[in-house]
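A, B, C and D are the chain letters, set down in written order, and residue numbers restart from 1 in every chain.
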């Protein structure tokens, strides 16, 4: 009997060898954020202050929320190409109706969330690729935004503006907001018991189905959550800008995807991390700031942003390098 | 006969042709038949560019989940500038300019592949980051100036044979070539195999990395050619000349019956989808609807097509 | 429990068709309390379909299902769970992105609220401890990070966990396919204990020894029908094989003639495992079948993959003389192309030779596939049908055809007989031997002793190293097991 | 008790106030940033080039300490808002801005002006009251298109090419055109397409509607799209109507060819990219203590007609736009013109 014990312990050791790599990988998003912050501190020390952090990060909040929305969708192996235009549309609705006619505004926003849930249901029931459905929705939201707000304008309701300009004691509001968002989502999706089912439905849908859970429900719930966070993103954006524009959130689609990936998420297999996604979104926000402080020639500012993305992801690849080449496709 | 019809209808690309026919009919009903031929002719001419980018995107997407070339628009923009600058408005330098655009495109393809392979970055992010860098190169190279094509080249891109644009004929031939490449060559088979299961493909002796490399190269090269042709057709290069072809190429690939989960591609459908989207735009512009409505209708049509066609059976 | 519930399951006249294929043609199956039923039959005989219906994941076209004496009208997965019917499927049903504890929770909707994670972790750990002592699995590990053997242990243990509803019946579909004999023994011993405690079990396995030794009653299926059902004691190995309708009966087939003296033919492969430090190396000559033995997951597959890679790129420690082909054991993830026809699946490895000019000729491709269909007896009406229309065993044959039809003189086999029925196995053994006689070299990783009997030479692996080098005449089950465990015994 | 320091501080404060009030503040040590949201077309490149020429000289002459240019990576509003916030953090004294949205940047602009930073917007202006605007009367520009057209075209069908949907400039020009058509009922707009101020987009949009259009006598547009319109007509084999031009070199070149060929007549106008330099001088002047400069400065758009366009064409670089760089004196004059109003 002892002999067998020895053998299996040995095997257990072999299996655990890659754990440090996993830990390193998990802290990589935080590490890259720290690096970017260090860069900012180096180029402009006074940016690291209550006032400075407020200024640098408050526009990160809508990005964080949009990234979380994208993360929900990616968790169930789908991709939302429409989130940016959805955020724009929400912004237009908020700036036009939420102040003048709050009831109508709220009804429309709830309707939008319902539409997101419906999108999830259609994708599951008709078994169609989400990329295409959301590509279609991209045009729909864009069109609706232009119809709602043919020229830029509108005004954010005062309460929204007040919330987004909250002066929290000691710690700047954007950081408080980011921590709260990360904590809430982490608890909801990583710690709750139904969260495990939701993530599992991305990892192995058949297994979840065979255990008697409804896959339709998991998909609808995830898209519903994406809709809710998309709405929150739009509202927070308008709270900051005070006024809307039909194209205001367009860039969030690619930003949110990059944020999820930067935060350690993967496109398939339900492997995501809410904390990582929040950090990823903040890193992207601050990367722009860092470039600005570095006074890169205007020609190359766009390119430098691409380079930052590449460097961070290359670092992750280096950590994963130990994995055998093609075999990692599995 | 009946079974033939059924087999035809079971082909995913048939729907895109039907859709194209439908929107065309709607447009000419609106104009009481006025301009019917002109619409087809204009549609063919404009569809050429989305079909070329569609072919590029199709090969990439067929490589399997996560593979997509987001750098196409930036690639097209840079190539258009490179081509026009090298041609310098002189007919004698057309070939050189086309070659330069091709080299620029291939270079971008190589860059994309190196990011994906060497740094193991997911293709969607790699090509996105690359596109940022390409944009910067484009800005510093072209300074946003519109350079005019040589008259001969401009003429070539718009000349028509009996109402059919020469470019469209050439592109049909080109797409036939790509259909053969996809279904009847080792390279094409390799792409399809990798798209289904890269590990199984590797174990079946397929040169996985070489195939992926060539695919991104191909996509880059097609983007480069498309950039040069666009600059000729629209009488001038510009950095954002390719902007609309990102969404268009993806939409084309999917409406045309290629599987976004990889391993299954359809060249024929690209033309149907290309004509469908251009004629849809023609129809809406003819109706004179506002931009907002046009977007909404385009979106609903894309969703409608894909939902009606339904998904392939879950794997 | 009322007295009617002596029978836990009563299936009567179950029918199921998939398209044109009649998978089940009116099957009756009864399982009573305290009994373990062995279900055997060829691949494609309908065992898995029947079990899917019993587990609620497939709906029967016709027939009645009655659980615990109560007829079930709307039978579903959820209903099956409520009634205490659990199933360990052939493909693993765990979520790789969840931890062991979270995967346990997936099966138990009642585990919720504060502390659910601890509760689920305790549940699965206790079961793992009970079934597989010293399993070495942490309930916080991500399942995807664990080797396949451990995953199967978790899956099995999970099926036996109990929260609200008691477990009445556990269906084990090839539960030991990824376990080594030691773990398999532990599992089967646990099954016996569960039976004694009043549970019931359906065991599907291609290892007839397991079936004969551990079940009370054996049901044999063939072509979607039950062809025999009797006490296990009434069966012998030979009778089982005959009843299943295997083409070649018996376990003979061991090639006794033509044993070539080592060294008389040129060396084809020379390879050293990465972790080998004592100079031991694997050598395979032309025309040899070389076995890679040992416990599951001890570096055999890694060495095969290293050799496979060496064919494309120079690799330290490996020398090969000829092209290489590999036959995967895990069909779904390493082998088949699910969107392609059978012919395309067979032809892909030889595609270079199926061209006219520079273009692939569909005609040549079909003819190539046809010749192999006849040679290896793939059962299909049309080679243009999708590969998934084949049963598992026939899919595996297609993979054999892919490799054997290629120009490769060295064929690597990564436990390719996993889940393949005995009839197919015997056919394939014969094929391998004849190919070897024709000069091909085979490297064959297998966890089954029976398959090692076909080898000319066997290397035993332990912890990523070769620890024993057995000639055919030295080969015995005891020696292999002894070498597999030797180090642990000394330590 | 301890009065001396207080008095000293008070004195210092008084002197500094007096300095600002009487003599002009010295802008030698001040830094001006330029926040730009796009650089990818000929107009923007001309704008940046003009700005570069003028500010380099200003820095060399010691008028300001720095004049840095910042271009965002995309055309998005949030990116530019973040950029403005970063500029605040870097302690610039003034920000010259070509904004991606007139309203949606107001939050960030307000933060800047609250921090005491002078913000001067031009072309893409911002509506935040505390900022300055160098405004071109886009509405009048639109109206003039029809008015000019009426001078030599009797009337008939017009095709309108719109700019980027959802922007204020598009809206202003469009309403000006509508007003012009109201005053000249002999014209009728039969269709409108979106050209996004881009030749390619315009050409494509027109190509799709052209087969269904009746005879068109004129095209009213927003600049940057005229050449594309001409190409679309040529490709469809239809005679080009009178196309209002937008000061781009290729447009004027084409006009010149046509004029030589058949006496083609039209009118061309656009906002000069060199307005960026005017905005720079306005910022410098405000920093210099001229707080009385009105927050809305109207500047004329640059227009050419049949007689003078060829002279202008000769000065525009290939692929560029007609521009005008302001000197400090011209800028002062432009400001003075507004004070008279």
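Everything that follows uses one rule, which is that a residue touches a chain if its C-beta (ideal position, glycine included) is under 8 Å from a C-beta of that chain, and two chains touch if they have at least 3 such contacts.
Computed from a prediction, not measured in an experiment: that's the story for all the values here.
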| item | value |
| --- | --- |
| Taking each chain's C-alpha mean as its centre, the one farthest from subunit B | C |
| Interchain centroid distance [CA atoms averaged], subunit C/subunit D, Å | 72 |
| Centre-of-Cα separation between subunit D and subunit A, whole angstrom | 36 |
| CA centroid of subunit A to CA centroid of subunit C, Å | 41 |
| For subunit C, residues that touch 2 or more chains besides their own | 333 |
| Residue list for subunit A, restricted to those that touch at least two other chains | 145-146, 150, 299, 301-302, 305, 327, 330 |
| Where subunit B touches two or more other chains, by residue | 132, 135, 139, 199, 259, 291-292 |
| Chain-chain contacts as defined at top | A-B, A-C, A-D, B-C, B-D |
| Residues on subunit C engaged by subunit A in the complex (per definition of touch) | 55-57, 76-78, 80-81, 87, 89, 91-98, 102-103, 105-107, 109, 111-113, 116-117, 134-137, 141-142, 144-147, 150, 182, 295, 297, 305, 333, 463, 485, 487-489, 491 |
| In the complex with subunit C, residue positions of subunit A that touch it | 3-12, 14-15, 18, 22, 191, 193-194, 196-197, 199-200, 202-204, 206-213, 269-271, 324, 327, 330 |
| Residue numbers on subunit D that touch subunit B, as the complex places them | 39-42, 44-45, 73, 162, 165-166, 191-194, 198-201, 203-205, 207-213, 227-228, 231, 234-236, 248, 250, 317-320 |
| Parts of subunit D lying in touch with subunit A, wherever the complex brings them together | 36, 39, 48, 68-79, 81-83, 85-91, 100-108, 110-111, 127, 165-168, 170-171 |
| Subunit B contact footprint on subunit A (complex, rising order) | 122, 126-129, 131-133, 135-147, 150, 254, 257-258, 261, 266-268, 299-307, 309-310, 313-314, 316-317, 320-321, 326-330 |
